[in-house]
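Have a look at the structure below, then the notes.
Letters A, B, C and D mark the chains in the order given here, with residues in each chain numbered from 1 onward.
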Amino acid sequence: MIRVQREDFDPGQELAALTAGNRKVGGLAVFVGLVRDLAGDETVGAMTLEHYPGMTEKMLERIEAEARARWPLEASLVIHRTGRLEPGERIVLVACASAHRQAAFEACGFLIDWLKTKAPFWKLEEGPAGAKWVEARESDDAAAARWAPEEPDAAE
Amino acid sequence: MIRVQREDFDPGQELAALTAGNRKVGGLAVFVGLVRDLAGDETVGAMTLEHYPGMTEKMLERIEAEARARWPLEASLVIHRTGRLEPGERIVLVACASAHRQAAFEACGFLIDWLKTKAPFWKLEEGPAGAKWVEARESDDAAAARWAPEEPDAAE
Amino acid sequence: MKLLYFAWLRAKTGVAVEEVTPPGEVATVGDLLAWLKGRGPGYAEALADLQVVRVAVNQEYADPDQPVGPDDEVALFPPVTGG
Amino acid sequence: MKLLYFAWLRAKTGVAVEEVTPPGEVATVGDLLAWLKGRGPGYAEALADLQVVRVAVNQEYADPDQPVGPDDEVALFPPVTGG
């Protein structure tokens, strides 16, 4: 399941719901992304997450479907927030449940890596020198490239 | 921090406490292990986790210290339950918080892999044919070996 | 054709959404970008370095040689930075 | 010397904890295992395949050539299966 929302989420509640009643789940791998107050050398006050409504959901659904095609998952969940977020706030949750931990771990890593390079979100950081659009990082591209082959329609 | 306990834990509460007030955390990687009702081809009713009090805590503390020496972590937590657990119940929680997601992910994977091959816990599964001690899996040794070099004092 | 601009492409063009009717010779994403550049200084600045411009046609990532037509929704945005 | 047995080593020997005084020629973990095997059928069965027996001396994993003495806590257990 994927969700794009302004509101915060409760990781404990989301994880409990994800595996509730499923006795085949042996492992649950989870990633929670938070707003840091240090990006590079500058202090960040807050950030605003912009997205492309429609395409965001489409890409997230495709990324999730790709993960479920590659790994035997019992359940998966991606929640991504938008709007203005303060340091310490949650941005994103990725969770994958599987019979075996390795599948859960790999799928979770894949989802966050691909999400970071394919889902149309942009971060505007508020720093001491004003607001600045965050630049894409080569390390994110490299992380995503580990999971190649890419989808044929992903032109990035 | 490490904890060995009979009682269940609340992942949401544990994760919130782990990063509370720390604005340097950008990513939190988490693994939750659950009791499955299928182990191989047999139906498992429940399992009992035995451990070696004293050595268990010592090994968990060492494994955690090793993770913190290898990766720049802001916080880490290992909780492992003992005693009788029903399918669907939580067994273990491993959580690592770092400025960057890759460190959090790798440290979390390292902790669960090493824990599985070094911490003195044993599972007794209740199946239709009676109770049976779970055998160590070669895949767990292989997973742990990915993180070599081993500690010099780990003689396994 | 519906055009959408996101993040600093929106800030530089000063436009979030617009309806345009490019001339007939604009057949591909590449043609469209070249044509948009000439629409004013904001566009020229936004599209100065196409290395950092991503294009989606009907919400799918598109290469410069992909055809575009009057009924398409074309979005222009920087490399994504979510997660 | 204090001996601890866990999991099926405890089940097979029928012992969880015991105090033993091995003969003077028992100087290492390997010597101790060989001596324990002769203490009865439960011990012989439990220690039949040393490939699946792990030993910890004073709560540290130990090799067969590690020395053991009267004040040591020695634990015998199968390969671990937690997590």
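To be clear about the criterion, contacts are C-beta pairs under 8 Å (C-beta built on N, C-alpha and C of every residue); 3 or more make two chains touch, one makes a residue touch a chain.
Just so you know, these numbers come straight off a predicted model, no measurement behind them.
When chain centres are set by their Cα atoms, the one at the greatest distance from subunit B is C. Mean C-alpha position of subunit A lies 49 Å from that of subunit D.
For the pair subunit A and subunit B, the distance between mean C-alpha positions equals 23 Å. Rounded to whole angstrom units, the spacing between the C-alpha centres of subunit C and subunit D is 73. The residues of subunit C that reach two or more other chains are 83, listed in rising order. Shown for subunit B are the residues that touch two or more other chains, namely 33, 101, 112.
Per the contact rule defined earlier, chains pair up in contact as A-B, A-C, B-D. The part of subunit B that touches subunit A in the complex is made up of residues 10-13, 15-16, 19, 21-38, 87-88, 99, 101-102, 104-105, 108-109, 112, 139, 143. Put simply, subunit D touches subunit B in their complex at residues 4, 6-8, 11, 54, 56, 59-63, 75, 77-83. By the touch criterion given at the top, residues 33, 49-52, 54-55, 58, 80, 91-92, 112, 115-124, 133-137, 140, 153-156 of subunit B touch subunit D in their complex.
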